[in-house]
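Next come two complexes, and both contain chain A; in the first it sits with chain B, in the second with chain C.
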Partner chain A sequence: MAGVAVSTTINGDHVEYLCQPDETLLDVLRDRLGLTGAKEGCGTGDCGACSVIVDNRLVCSCLVLGAEAEGRQIETIEGMAHGDQLHPLQQKFLEHAALQCGICTPGFLIAAKDLLEKNPSPTEEEIRFGLAGNLCRCTGYDKIVRAVQDAANVMKGA
Partner chain B sequence: MNFDPRYSGRSFSSVGTRPLRPDGVDKVTGRARYGADFNMAGQLVGRVLRSPHAHAIIKKIDTSKAEKLAGVKAVITAKDLPDLTDGDAGMFDTLDNCMARKKALYDGHAVAAVAAIDARTARQALKLIEVDYEVLPHVTDVDEAMQHHAPLINDAIFTEGLEEKPVKPSNVSKRTQYGHGDVHQGFAQADFVVERSFKTEQTHQGYIEPHACVASVNPDGTADLWVCTQGHFVYRQHCAQLLGLEVSKLRVTSSEIGGGFGGKTHVWAEPVALALSRKAGRPVKLVMTRDEVFRASGPTSATSIDVKIGARKDGTITAAEATLRYTCGPYAGMWAEIGAMTAFACYKLENVKTVGYEVLVNRPKTAAYRAPSAPMAAFAVESAVDELAKEIGIDPVEFRIKNAAQEGTRASYGPVYGPIGIGPTLEAVKEHPHMRAPLAQNQGRGMACGFWFNFGGQTCTDLNIGMDGTVSLAVGTVDVGGSRASLSLVAAEELGIDYSQVKAIVADTSSLGYNDMTDGSRGTFSSSMATISAARNAIKVLRERAAQMWDISVDDVAWEKGHAVAKGEKHGNLGKLSLKEIAAQSGKTGGPIAGHSELVADGAGVSFATHICDVEVDPETGSTRVIRYTVVQDAGKAVHPTYVEGQYQGGAAQGIGWALNEEYIYGKDGRLQNPGFLDYRIPVCSDLPMIDTQILEIPNPNHPYGVRGVGETSIVPPLAAIANAVSNAVGVRMSHIPMSPPRILAALEAEREG
Partner chain C sequence: MRYIRPQSIEEAAGLLASAAGPAAILAGGSDLLVRMKGGFIEPELIVDIKAIAGLSEIKETADGFSIGAAVPCAVLGENAALKKAWPGVVEAAKLIGSKQVQGRCTIVGNLCNASPAADSVPALVAAGAKAVVAGPNGRRTIAVEAVPTGPGRTSLAKGEIIEAILLDKPAPNAGDAYQRFIPRTEMDIAVVSAGVNLTLDEAGAIKAARVALGAAAPTVLLVEEAAEVLVGSKLDEATLERLAKICAGACRPIDDKRGTIEFRRKVAGVLAKRVATTAYERAGGK
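Up next is the complex of A and B:
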């Protein structure tokens, strides 16, 4: 099969790649561009470990084709920190020990960033439902919810 | 050097604090490399062909068409993994499970594998492999598999552990028995007896990271394996044996691990990837899909358990008995035996008997899942204990306190307990405000206890002091949930330096001596013991170097708070030398300074927990919500309390999923109906409340800091605590896990119809 030429923007940088028509955005990010921060936990959109933001919309990159990225603005975990300055969510996840194994963490951070951008003062229930598309098997979510609450407070004060 | 592991009752400056983990930034920035995040030059993509049948003879496999497909570099079957197990039955089962030899024994059993230039070519190649199966009758249910007419899975299995060797083969590989006293006499003394039967369904560990590895075998016999595993030294041992490689020539590097919970203690894909690489002459990356993880890794047992407990009017248990049947998948296991050992471990019993039956079924080979086998046994026993308390008319907490095991109690599985935490966790629960919080309509509260042995095992650790005075700690136990932080704290504590001066890593198999798996809650227990030992050895060297620098006898040099101190009036003018000052001179005083330790970490202290749970059940739909949850558990000494809390919360959450939702559902055709996270639903954020924790610290006398393992016990009580809560909410005893809405509605209906 002939490859599809794609021109897109990832974490603010212009990127061009060739991909197969049936290749997912997740495969392109991981296997063609070396952006392995997004993880494949299921490949069916059930676990959220591959979460990225496409044109301000939270998506599972395993359910998006690489070819669909043409002309879009994509944000991945690799672009979340500014230089050596961690995003408040990243900092609060560390401080609250909101990760154990850490495989779900990039997806949770991207989903939480999207949540707080749309709702800067979420209630606990809104956080829990806002992050219900991301599976974590280690933490029981307690420390994740607390980290997001704390980050929301810091970001409001900033 | 002799190492004294006994608890010393010392005070702590680093241990017990909550610093950030050393691997944290990598994990919040996406830089941490897990199993599937590693690549090698010239790497191929491996894929596995799996049986669609639960039980079938493999008559013929024709790989010729797949081999001819452009881009395919290797195709393997069981012929490419010859039997090198030399009579080791356990290893032969492992080999057969990696790649079916004569029969496919479950839906998902590997029968062939390919390595190709890309994933699409590999998928196409699988479709070109022709397998001729003769489908056989199958059995997946534990009780059905024990029937005489059940399809026989392995005709070489004759039940072990019976008084007389059976004349016919069966699906029961072993019978085991534990206990002491005379239960018949005990039941005769009882005023009340409760006898109940329970079932639990098969669940999966549900780690978010599928199994993944990159294997590279060279023509000179050297090989590399990058893999997500709980034990890279054990994987090296098993892979080398199955592939006929020399152990020292196979270097295994454990990647960051995206969850294991016992499920990454067994090899499945790794020998296959190595065999593919050997045949193709190129590195091969093999990553399981989620479907493959569910169908063909190692879930826990489904069980069927009968429990009988008798007590006097005053609440003293006079006898306790249980029969436990656990599925092992299609190979012999020892899962029912562990259930039989743990079932009554919380209690002080004069007359106790447990019998376990290991049952073969056409399901994937059972693997460990966090305190393996204990949660199901605890579900049955703790449900019956609650029932008995109700019949006697005594508070369930008081009933358990009255019968709780103590220091000096002979455990139902044999040993005599040292200082233990079951009584203290129960007393803490009794006093906990959660127990007095009001409940609304359709809500119920339950509590239950749990036990886990904990394990120590072989451990090797290196501690190297850099010339700038910072410390590199190389451990061989895989970090599954923050142990690099805990072990850095321990090194800092023992050396008397700041946590920030220590950096812990997990070393590969060629850089450190053998270590057992991170299993049995041993990671922090055993590696902290080895770290303390290594640090003490390094301190000995530091004292010698200081003595040299001062030109005095080493006997006059003590180590205090990170400094060498000259002792005695004659050295009164010498002051102190910091670790950093001594390290800076190391090139002139004898070279690098290091401490090494290799030991068997004996004396893992047993662990107990008691949980409290409130639920609300919707009587219309049968749907259950956990509305409040409290974990009380003994940690011995919490090295990094935040990560101890995390273990408590995570185990409780897994238990909640097990109790209410999760189960393997097999169709009549023996195929798994729900091999994905959509239909095998683990708890999501909106399903759970905050999970409160209370850490008790009853020091383990066999560890210098009093540490006990903390990782597993937290999954033991939830099944029973939630079942007791649901039963209290709906007024019907729930005896089948998971308590999914249809089961709750059926129980309510049965009660109404009386």
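Up next is the complex of A and C:
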């Protein structure tokens, strides 16, 4: 069966691929493009582990079709660090031990990045509400919230 | 399965009308992709309407607002003029799902998914919103409450697409509000909900009212008797009690693990009182 030809931009790079019409963007990223940072937790938009940014909007890539990526700008976790230079959020997640098993972490980092870009000084409540679409079954969230608060302070000072 | 992204509403309607098998419209996909994944629907054709000019815009006109079918709910919350004019509609739309879902989900999708618990629908009905339906035979404009006919069912014919939701410019001294009951603080669907839109006269008495209940019957309920009780009042305690009683009585809810019939009836009344109070304050009454 012929696929849908898609031309898009991922982490600043021009990318072309063929996908099936019912294939999700998450499956395209992971299985066709080797970008396995986004995880499939639930596959129904409840857990946020597959979060990516499409045209400056945080979305669950499991609820986007690969075919819909045509002409869009997509940011994934793979584009977050610059070479060996970690993003402040990544650095603070490490320092605060804001992860255990790590499955939710790429989604949390992308969602937190989107949050801080739109609101550089969020309150604790705004962080908790802003990240309510991301589920973590290990940390109990407190360490994640602290890491985001600390990263926000670093990024404001930068 | 075929995926097509038409450039015009006529082309989209034509594709849907001539589809041999099940066809689905894709805007945000936050219901459609979940239903596909669960095997509840296996479309032969998906028509992505996001490339159609104008469907991703909120237009402000002399008459009010036209919200395109592909506008994500997050964008409603970012539109200062819409938020000021219809705070109840915007607060309802903003309750749907997470930040991730907000970036995709649409009020037209919420309406056409036809869940009795859809958050934006009671607010739209209270606001007197209309749906512009485009189809193979042209366009028609219908009241939002005429769209859902039962859980998961709508009055739309094959080939028809809701192109936009229309909201009038609010009358002077008017205010709307929406609230739902859920057992947690976020990320849930309504057990019961209420939307109220009130217009006051110069003296602060209610001269027009619309009261809508969600998750209280197979489709959204526009409770006309509740509106009649409110008109002429200044929302005194006795009026609020009568409103609660009428709303509780108007419910035809289901009995399930999320709420019993008795609970839903009681909460419908409580919410109607609270939401009417907020709408009254927003309209400038005290």
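Going forward, the second predicted complex is superposed on the first by the 157 of 158 C-alpha atoms of A that agree within 3 Å, B and C clash if a C-alpha of one lies under 4 Å from a C-alpha of the other, contacts with A are read in each partner's own complex, and residues count from 1 in each chain.
The rule we apply is simple: a residue touches a chain if its C-beta (ideal position, glycine included) is under 8 Å from a C-beta of that chain, and two chains touch if they have at least 3 such contacts.
These numbers come from a predicted model, not from an experiment.
Considered on the superposed chain A, chain B and chain C are sterically compatible, since they fit side by side.
In the superposed model, A:151 makes contact with neither chain B nor chain C. Looking at the shared chain after the overlay, A:10 reaches neither chain B nor chain C. Contact with neither chain B nor chain C is seen for A:25 once the two complexes are overlaid on the shared chain.
After overlaying the two complexes on the shared chain, residue contacts for A:76 are found with chain B alone; chain C is out of touch.
Set against each other, chain B and chain C differ in how many residues of chain A they touch, and the higher count belongs to B. By the touch criterion defined above, A:65 reaches chain C but does not reach chain B.
Contact with neither chain B nor chain C is seen for A:116 once the two complexes are overlaid on the shared chain. Once the two complexes are laid on top of each other via chain A, the angle at chain A between chain B and chain C, using C-alpha centres, comes to 100°, given in steps of 10. In the superposition on chain A, A:57 makes contact with chain C only, not with chain B. Once both complexes are placed on a shared chain A, the shortest Cα to Cα gap between chain B and chain C comes to 5 Å. Overlap of the chain B and chain C contact sets on chain A: residues 20, 22, 43-44, 129, 131-134. Here chain A touches chain C in the complex through residues 4, 20-22, 24, 43-45, 48, 51, 54, 57-60, 62-65, 67-68, 70, 111, 114-115, 129-134, going by the rule given at the top.
Residues of chain A that touch chain B in their complex: 20, 22, 27, 30, 35-44, 46-47, 49, 76-78, 80-81, 86, 90, 93-97, 99-106, 109, 125, 127-129, 131-145. The part of chain B that touches chain A in the complex is made up of residues 18, 20-21, 23-25, 27-34, 36-37, 119-120, 205-210, 256-261, 287, 289-290, 480-482, 642-643, 645-646, 649-650, 652-654, 676-678, 682-688, 690-691. Against chain A, in their complex, chain C makes its touches with residues 1-3, 5, 26, 28-30, 33-34, 36-38, 46, 48, 50, 72, 74, 97-101, 103-104, 186-187.
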